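Next come two complexes, and both contain chain A; in the first it sits with chain B, in the second with chain C.
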Partner chain A sequence: MLRFIAKRLAFMALALVCVALITFTLMQMAPGNFLDIQILSSSLQTDVVSSRETIGRWEQRYGLDQPKHIQFFRFMKGMVTLDLGPSFQYPSLDVEEIIQKSFPVSLTLAVASVLVALIIAIPLGILAAVKQNSLWDYVAMFISMVGNAIPAYVLAVFLMLLFTLKLRVLPSGGWSEPKHMIMPVLALSLTSVAGIARYMRSSMVETLRADYIAAAWAKGGSFRNVVLNHALRNSLIPLITVVGPLLARLMVGTVFIESMFRIPGLGQYFAQAAANRDFPVLMTATVFFAFVIMTMNLIVDLLYGLLDPRIRYE
Partner chain B sequence: MAAVKEPLLTGSNAEREVVYAEGYWRRTWRKFSRNKLAVVGAVFVTLLILAAVFAPWIAPYAYDKVDYTATYQGPSASHIFGTDELGRDLLSRQLYSLRVALLVALGAESITLAVGSVVGAIAGYKGGLADNILMRITDIMFAFPSFLFNVVLVAVMGRGMITIFIAIGVTSWTGLARLVRAQVLALKSREYVEAGRAMGASTSDIILRYIMPQTLGPIIVTLAFGVPAAMMVESALSLIGMGVTPPMPSFGTLIASGQRYILSFPHLLIWPAASFAAILLSFTWLGDGLRDAFDPRD
Partner chain C sequence: MRSLSKAVALLLAMILMAAALGGCVPGQKKETAPTTPTTPTTPAATASGPKTGGIFRTYVFNPTSLDPAFWTWGSHITRMGLLEGLVRYDAKLQAAPAVAEKWESNADKTVWKFSLRKNAKWSNGDPVTAKDFEYSLKRVIDPATSAGGSGSYQGNAEIKNAEQFRKGEIKDINQVGVKALDDYTLEITLAKGNATFPIRLAEPWAMPAHKATVEKFGKDFIKPGNYVSNGPFMLKSWTINTDMELVRNPNYWGKVYLDGVKMMMTAANVIAYESNEVDMVEVGAQDIDRILKDPNLSKELTQAPTGTLTSFFNLRSANPIMEDIRVRQALAMSFDRDKIVKAVGRGTVGAAYSTVPPVVATWSKEVGLGYDVAKAKKLMADAGYPDGKGFPEMTLMVSYQGDVDPVIMAVVDEWKNNLGIKVKVDNAEWGLHTKNRIELLPKETAGFFTNANNAGFPGLSAYFAGLFDPNDWGLKGAQWGEFRKLQTDPKIDASQRAKLLEDFKVANASPEAKQYKDLLDKAGKETDAAKQEAIYKEAAKLRDSLAYVIPISYINSVRLIKPYVKGYAPNAFLLGHPLYWNDLWLDK
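Presenting the complex of A and B:
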């Protein structure tokens, strides 16, 4: 068990260094940087001398005058010690402050979406499994297909048309009151209901075929007792493998939902940083996202073993 | 359907081989054509491709033709889907968005097919070091969320259609490579491949004429699902301002700008979103149909 964890952590560290290295190399290859864009769009371009001075001072401030490998090591050290220096776009803000401020927003959004998705999907999956080939089954499978085919930001449009335009009960964007959460969370969760319900259905169908369920029916167990007490418990276990990656996918998927609903989460900063070539933020956010996703996968694997003693680690 | 033109073996076995090859495609076609959703998807996809190819002739206006006398118009006879804030025809802009989406999908899927099948075939057939290196790269690519990589690549290379399909192609070949590798691994020790080798077929012959034709089904299915996936990435990038450069439209930019007028001119949001959803659904139905048709079980 400990060996398994150690091995996974080692791979994780290696993969993260690779991610950082790839991102860093790509950014070095970029033609033009943040300041070029700023200079082009400001009045500085008329005064060549002062702009050259500005660039010099600016490069010194961000350590860009150092050799490339030193820059990379400084970045990696910053990642470990949580001291990453200021952002290009917001010179008064340190990158770790931006993450600290915006990540909880994205996390809230993702966790709420997973919870809502589970609340909708588990009963739907159970119904579809218990009443196979009934109307419920077809409804569940239809929702599943549509949810798979249409991305969250398109679903968000239909929600907006319904709640903002037609019913006029919800604002089309913002992040200050609880009601701002409803549409983004619904859009994100509806796209994942599909996968969870489908998984729940097949897991439940399989459990219901087990001998111990037949025994429970034979002893005269009620629907409630057999399905909800005996079968549900075992058929929930495989669901963990879906929820982990889902949470990770949602946290990345919030990038568009955040920019659509003007939510000040990490995704929003990530998209802005990409558009403005704010490389400190872009790099940190990329490595951070990768870290979160890998950690999530590890937790899922460990939890799975904890809940199902039949699983063994190698 | 595509029958094997040259018998793979001579003598009485050759006939059996040809019959088998025809039977495979004919059976796939029979299964596919019985699936109503799949046929609807296929017909719709064909129409979409025609509309995209002939967009310059079909579109009633140029996609960037500004008309300040006709801004924010609702649907009418002269503008079926209405006009936007600059008086540009929404139908024409959607036709060009479709063209962009399909071009990006075509470019990205070409890269996926070329890199994925070559790398997968080599790794599966050669094994050893080549296989090991490939699998480690794939592992890291899987750990790295592909969308982040797409955004970083576009940020680095600058916006534009070519950038987008390179970015998608670079991240999406790993899935196909894994699939082809697994297929090749399973097929390379089959008896008919052994027979070919015994008869002196070269390595490239074994891979190209003996093994790859058998993996065609799964490859087609993967590519069919790759098309709507690539379209989604393209529109998502455009949505956050990292996609094609204006004035070239994309469903992502149409949705993003339509959202600004949701209360005053909702048609600018409704039509692009509904069209895009319908396009994605038809590709998914086609993909589902192909997957069921190529499924060797039942």
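Presenting the complex of A and C:
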């Protein structure tokens, strides 16, 4: 097991360097740069003497006057020492500060959403599997599919109309009280239910067909014992393959929800950095997201090995 | 049994879908024009006078810094309530005393002496002195301060030796014309005489920074807990992309009615206004119809013109077609601004007849080219394109998230109908757009790009200093290519580059551009306000007749304001915030 982890970590390190290299190259190729967007576009003067003259200083401060490979090495060094310098757009904030402050927010949102999704999806999946091909099955699967078809930010608008405008029970945004979590979590979780529920259903269906379940029924086991004790436990394991990537996706991909509900998460910073060509934040966030996703995959694989005794890693 | 349950499931599914869609179908669109929202007259104070207390809640654009040396959305916040300059704007946008009680100048208006009040204090109790302002102004002028972003100093303030210091020609910052004669007297020397200089000190770049705080915390001095301010409010909390809260500054010398100001960020949300979470919000075109139909909301809507102009700017191309003034004038004269603004703008924009908005000049319409389709058609025919025959497809570079602004599309439509020309609208992402539009474009791409511009301060001269200048926009394609080379050549030293660019423009200026420059120089020297205005009027007429920049519309500030918010006066500044938050009080 330990050899497996070690090999995996080494591979991750290599992959992260590749991600950094590809991102860096793409960013150099992308049209537009921060100063053009901020300065030249706002003044529209052709000489813009005062600003042009500070560009040299600005490039010096951020090390952009160095040759490209030096810039890349500096960045990789910063990733290791966790000292990445200031953002372009927020000159008083260091990049590691931004991630430190905003990632826990995105993480909280993602974890809460996945938990709520599980609470809804697992019973739904069990119901559909136990009453397979019945009305319950079709309705359960239909509801979860509707949730999946609607993008989270569309659902968020409906939730806001309902809870903020019509019922006046929830604020339209912010992130200082627990009630600020309700609508964003609902929007994200309801749209994630389908994947989990369907997976749960098919996993459960397959488990229920197994010989040992038939034996449990034959031995006179109650519904509770056979389904919720024996079958459920074994059906949950494959669910990890869905939940892991889902958690990773929700941690990095909630820009619209964050923007709509004014949540100070990493997604908003990332989107702003992309639009403004804020290279330090963009590079760091991209590599960080890759790291998060790879770590989640590793955790999923390890959990799988722990939970399912049939699986052994070399 | 199974087929029945299947049928029921299907029926249930259809009912659910119908219910979902039924809620989505938009109501019948009425064809009647909306009634123009009325601007409420500022109500007289109630018998008891302004009340103290309450927190004013509003939306702002996401500020990225609160350092007065940086030009960001945060600059408006510092100006409106966190910091206070020597001078402030009064209700008519004229200079009024703030930290400075009075000021005087010498005969040729080059040396100004400001006498500061003795009772102004920072939020930590320190007195506000002339030395604070000397430090802050020099700090803003020094390009090293803002080497992390766009600096806020306005070169056209023309403080003596500031530009030379910024270009590196002068090395000693003490030669810049800002000096504290004693603790309460500040002397500012200008490079050119300017009768209206004091009002420049009400702008965000002239706000003071607390020296000890900056030196102690460095770039972290703007964070809540560290920030020391001299305005009516202090910084209580700030979560980027979420909200910011200000509280009353107990050490402020003047009047403050509000206990605090709470600002929300990112996308402004009319729903937040309707659910009573904010007291004021900006309204976009997509919400106007719905609000006008609502009996309560429509009473709370206000509308005021601003000085933010949307215009077409000439693209520089290897194709010389746009270099023919007749073509440009024809384009400028062949769309009906009034009609478009009324039909499409729904009150969010006003017609811009010239590049000088009505909020700064009563003669705004007079100096424009006007709307004359017959004349436009003749001009096109004279240029060799009768009814647009032979005219290549024109490129219009824009950058809008989602759909292109319908006002722009309406103009394109009028060009097609009136002149017979085809326009390709190139809607690109902002970063890509800003890159494309400054390059020398190939033969197939000739035309215009659109941009919205707001002058730094809502005064007449601001619409001439560096904005819409034919010396910039009149450079022909081949010349522009050379100019770009000068701008981007890394081998040229920064201090040399500025002079080279300036010399190039002078050498390549057309006679009209030279004339324009001369008029501006003359206006800058003129101390009589009426005479100065007459010169600017002449310059505007010349500039608009060249049609390198074609004005389209100016933005109206359309806002919903709760009736208990008092003291708000719409102003020509950027998008409708109150001039200062300590003007406001809440009647509840």
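Please note the rule applied: the second predicted complex is superposed on the first by the 301 of 314 C-alpha atoms of A that agree within 3 Å, B and C clash if a C-alpha of one lies under 4 Å from a C-alpha of the other, contacts with A are read in each partner's own complex, and residues count from 1 in each chain.
Everything that follows uses one rule, which is that a contact is a pair of C-beta atoms (placed from the backbone, for glycine too) under 8 Å apart; a residue touches a chain by one contact, two chains touch by 3 or more.
From a predicted model like this one, the values you see are computed outputs, not experimental measurements.
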Key: chain C versus chain B on the shared chain A, clash or fit after superposition   = clash
Ask   = Is A:293 touching the first partner chain B, the second partner chain C, both, or neither of them?
value = first
Ask   = Can A:234 be said to touch chain B (first), chain C (second), both, or neither?
value = neither
Ask   = What is the contact status of A:275 with respect to chain B (first) and chain C (second): first, second, both, or neither?
value = both
Query = Which partner, chain B or chain C, is in contact with more residues of chain A?
reply = C
Message = Quick check for you: in the superposed arrangement, does A:66 touch first (chain B), second (chain C), both or neither?
response = neither
Task = Examine A:171 and indicate which partner it touches, taking first as chain B and second as chain C; both and neither are also allowed.
result = second
Inquiry  = So in the superposed three-chain picture, is A:248 touching just chain B, just chain C, both, or none of them (first/second/both/neither)?
reply    = first
Query = So, does A:160 touch the first partner chain B, the second partner chain C, both, or neither?
reply = both
Inquiry  = Contact-wise, after the overlay, does A:202 reach chain B, chain C, both or neither (first, second, both, neither)?
reply    = neither
Touching partner for A:260 - first (chain B), second (chain C), both, neither = both
Key: Overlap of chain C and chain B interfaces on chain A (superposed complexes)   = 30-31, 146, 160-161, 164-165, 172, 259-260, 275, 277
Parts of chain B lying in touch with chain A, wherever the complex brings them together = 139-140, 143-145, 147-148, 151-158, 228, 232, 235-236, 239-242, 255-256, 258-259, 262-263, 266, 269-270, 273, 276-277, 280-281, 283-284, 288
Query = In the complex of these two chains, what residues of chain C are touching chain A?
reply = 2, 5-6, 8-9, 12-13, 16, 20, 64-65, 67, 70-71, 143-144, 146-151, 153, 155, 163, 166-168, 219-223, 239-243, 264-267, 269, 271-272, 274-277, 313, 429-436, 438, 451, 453, 466-467, 469, 472, 475, 483, 487, 494-495, 497-498, 501-502, 505
Ask   = Which residues of chain A touch chain C in the complex?
value = 30-33, 35-47, 49-54, 56-58, 60-62, 86, 88-93, 133-135, 138-139, 142, 146, 160-161, 164-165, 168, 171-176, 258-260, 262-264, 268-269, 275-277
Request  = Spell out the residues on chain A that touch chain B in their complex, using ranges where they run on.
outcome  = 11-12, 15, 18-19, 22-23, 26-27, 29-31, 145-146, 148-151, 153-154, 157-158, 160-161, 164-165, 172, 248-249, 252-253, 255-256, 259-260, 270-271, 273-275, 277, 282, 285-286, 289-290, 293-294, 297
